[in-house]
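These are the structures in question, set out in turn.
Each of the next two complexes has subunit A plus one other chain: subunit B in the first, subunit C in the second.
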Partner chain A sequence: MTSRPIVTVQAAKEGEKSGASLALPSVFRAPIRPDILNFVHDQMRKNTRQPYAVHVKAGHQVSAESWGTGRAVARIPRVRGGGTSRSGQGAFGNMCRGGRMFAPTKTWRKWHRRINVQQRRFAVASAIAATGVTSLVMARGHRIEKISEVPLVVSDSVQDLKKTKEAVAFLKRVKAWPDIQKVYASQRFRAGRGKMRNRARIQKRGPLVIYAKDNGLCRAFRNIPGVTLICVSRLNLLKLAPGGHLGRFVIWSESAFRQLDQIYAKSKLPDNKMASTDLTGILRSDEVKAAVRPRQARQARAVLKKNPLKNVNVMAKLNPYALVLKRKAILAQRKALAKKRKADAPASSQKQQQKKQPAAKKAKQAAVKGKAVKK
Partner chain B sequence: MNSDDLIWQIINNSFCSFMTKTKTSKFCRNEYNLTGLCNRHSCPLANSQYATVREEDGVIYLYMKVAERAHLPAKMWERVKLHRNYERAIGQIKEKLIYWNNWIRRRVIARFDRLLEVQKRSRRLVLTSETKLVPLSRKVERRERRREDKALVRAGLETAIEKEMLDRLRAANPEEFVNVDRAAYEKALQAVEVEDEEDDEESEEEEEDESESETEYVEDFDESEEEIEDIQEQQEEGEEEEPPVRQKLTLSSRGAAAIAPPRKRAKVTVEYDSD
Partner chain C sequence: KSRPLSSPGERISKASEIQVMASADLQWELIKRNSCFLVKRGRKAFSTEAGNLKCRNSFNSNGLIHRRTVGIEAPTAGKSGVVLVLRNQRQANRPARSHSRVPLQRQGPRGVLGSIKKILRQRRYRRDLELAALRRASAIMRGQRKIGGK
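Presenting the complex of A and B:
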């Protein structure tokens, strides 16, 4: 990428002139790889763990021996002695009450993970790049609808803020306050045992403020819920992509933003596997279209076979003359029927004349009518 | 590097805060979504060129987003107020989205139609629905009812009424008593006599206490006579307590006798109306 977009610096304090333009650092062009980031994030998160384990002797502080066979009891080791309800109870086994657990946890479990340097750098670069994509930051859940620009760069006077009140005023001016309000709204109690382990309250993550030099900034911002502060020289993946999800809302100070170019000199940045990630665009491009064969016409699908002797339409498809024949047959049949009725009609009327004359008349009329229709 | 496809891949596969799933489908809670579903086509985040129609305070606007403004969230959506005239509004839409994606054009118009329908319906509803539905909180209702019952019990309406009536009785002139229904009176008499045996002991005790504490005006210190007088008084009181009920006199005179404060030995003579 030769031409890089311009980022305008926003005024941090009232009365300040905004508008200094900075070129977007090349980090923001790094490939965004959620898979690498997720992996590295997982590994990194394990590095703050404190070991836990069961006591070495747990379940074994008992001299128990199996009673062996022949005593009509299970062969599990049993507590020796007498005089207490504990005597004779099973011991040692993971299935026994008061016994040692299966595979007692050990402190020498591998708690920490080492991650390759290149991978770590890749992940951080991806994370920074993702903070520059509006959609990703929105998708992550930050309320940045009113923000003037992404990435959000503010003048260096932020770093000189001393009072929390000023910090709040700053956030409001920059339109980052809705994100903090979201944090307030999300403050709640943790579900589960964590409550009694000093992890009672939880809340969402708000904006991340990245500075170059702390002239009171940290003290001003640290009491605002959700805000995290880090220095450019010490970018932390766990803060840039909390939860392994890309796109935290970041507020850069101007000098911090400038430093990014120095930190991520060209050689340090990972290469893109794809020059352009717009797959649909690629597939529709002229180059691809030219190389691709023309689209195939609709394939003929298998048709269910129908019996022409039963199905008139199928018969007609095979032999159009069949329709003609059929029609002739139908007409001939009708004619024959008509003749038959005519022959029958006078005979039946003679019989019925003795009983009912109007009925006979009706029959005659019907016969006449029938004839007329058939002709 | 940040193409729509890439964004869609990330949003779809990992996490999107606007996405909600049900058993059958995926919905998008983004307010600019054209269909409300979570789709490659419908996602306002994964399409750099996108348009919607939205209603704000009864006015319908056409919103448009282009790739050029993708990095300026505050100015991302261009808003056009649609004409009140349907034909003109459709014309506006078609003009603004002239070279756009076919699908978006059709969907925008469809959504516009739907919004108009909704508006129509809501206006009609306002005219027709007179009763406003007020939600009840089950918990609150139950609690209030329980409290009402308790308050009722605590108020002791019956006892208060009794007291009130007795006060009136005492204040009123005994000569004003009139027996209207002889039969009912007789009945009441009988009822009182039954109760009276129990009442006697109580009243006797009371009398003894009273004779020590307060001055009383008694003519004869004859228990039997006093009994009769007491009976008569009780009968009177019994009757007075339930003026509306003539036929059935359920005398709670026992209660009355027990509660009755220091009784004045006013002589009460009963007069019968000979009917």
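Presenting the complex of A and C:
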């Protein structure tokens, strides 16, 4: 068996010695299954719902009857009597003003959901496991860049904190304060009708503090925005994975961390489908390599055919001597051109030659003397 | 133990070894659709985490998942050059210690790029990201040039 990694307990208060080592509980190796977690989370969230429904009699507190055919009006039931503008108006239908809605909502709608125990446990185990993976916690949005270790375990003196000031000092000590600052920065008003319905203010979630025994801890932390507190014996998926998203930032007290092994005895933990999820590693492992044929040298890809008569490089590949021939041809052409030019302008060139002679003499003399000559 | 790797992914000698923490592949499956760094614009998916050189939402580029990550950042205001941020392999679970920052300053652009190359090559550290690192560093340094200057 591979040895379990060790988690160091951080000091909660100043002057405390940190450094006690705990083995990582096996829950942290539970399979991380966002699909199960999401499903269970959805179902669980429905369990705090309060029923809403339209009044039973809504739309029906009228005695209305259809006028039938032959009166040049639609056959919808109409309000009886006279003397008021309401008389003769359509009633009862969902399309009528003041009528009953389509499919009036009933209180006996199924509001709550039952979830299988195994599924619930699986989801919580997954959520806890995800809590121990740094990248997942960061991807969820928690600011944990300065924290000393993930999972963050803290000595039991956290549980004894009584004052909010002490709680704040603790969070700063443990470098969890940036997450709270993130919460402060996210405080804003909800968009939409929720404002009118007592749900005006919203903010992000901060750290989750899990304790074994509350000696004042809850009161110390409860006024700090974003912080949630739960007891180990009552782990709540809705707090561990808010929104159905894995990887909440959790701060464990030492005794709470120790209790995890008892709560999640190995027999209770769900099985992994894959012993190793490291796909890249598996593909490179010795066993796979032994079964796989050697890599083929890069196969030549189809090359676009180019016309050697137009393309010099391709011609040269086929017939290297073609370059020699070409060069000869070019040189011969140049020579012929030069000859032609001389032949074309005989008179002026003679004059130029006469002029050039004294200039040439001068040039020679100057060269002997070492002076620069203008050409 | 194992030879240093030139590309992402952990090497294990036996497929039967149980992984302790979620592997890069698993983490990718969890993060690729849903993460606070994911930005979808123009039918492309970008990712804004620190160690991502191309800001692309892809397995190879991702800066959170892998044991080895290369990040290039601009230094604090007023300074020139670039900061190379490498991830410490053994400290994956310790965010405070997980990155080592190498400031490359007071060298000209060629010096900076040469240093980056040298460091990555000597350590055989994510060679697949070398070109991306150089490009990013160039882009940052280009922004540091004075307007109308050289």
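One rule holds for everything that comes next: the second predicted complex is superposed on the first by the 284 of 375 C-alpha atoms of A that agree within 3 Å, B and C clash if a C-alpha of one lies under 4 Å from a C-alpha of the other, contacts with A are read in each partner's own complex, and residues count from 1 in each chain.
In this text, a residue touches a chain if its C-beta (ideal position, glycine included) is under 8 Å from a C-beta of that chain, and two chains touch if they have at least 3 such contacts.
Keep in mind the model is a prediction, meaning the values are calculated, not measured.
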Here subunit A is shared; do subunit B and subunit C fit on it together or clash? clash
Name the contact category of A:N307: first (subunit B only), second (subunit C only), both, or neither. neither
Contact-wise, after the overlay, does A:M138 reach subunit B, subunit C, both or neither (first, second, both, neither)? both
Quick one: classify A:K146 as touching subunit B (first), subunit C (second), both or neither. both
Counting only touches as set out at the top, which of subunit B and subunit C does A:D286 meet: first, second, both, neither? second
Mind working out whether A:Q296 is in touch with subunit B, subunit C, both or neither, as first, second, both or neither? neither
For A:T84, decide between first (touching subunit B), second (touching subunit C), both and neither. neither
Return first, second, both or neither, reflecting whether A:L246 touches subunit B, subunit C, both chains, or no partner chain. both
Is A:T48 contacted by the first partner subunit B, the second partner subunit C, both or neither? neither
Shared contact residues on subunit A for subunit B and subunit C? 5, 29, 32, 34, 129-130, 132-136, 138-141, 144-150, 175, 245-246, 272, 276-281
As the complex stands, subunit A meets subunit B at residues 5, 29-32, 34, 38, 129-130, 132-136, 138-141, 144-150, 175, 245-246, 272, 276-281
Residues of subunit B defined as touching subunit A within the complex: 1-7, 10-11, 13-18, 45-46, 70-76
Which part of subunit A faces subunit C closely enough to touch in the complex? 1-2, 4-5, 24, 29, 32, 34, 129-130, 132-136, 138-141, 144-150, 175, 245-246, 272, 275-282, 284-288
Which residues of subunit C touch subunit A in their complex? 8-27, 30-31, 34-37, 49, 64-65, 92-98
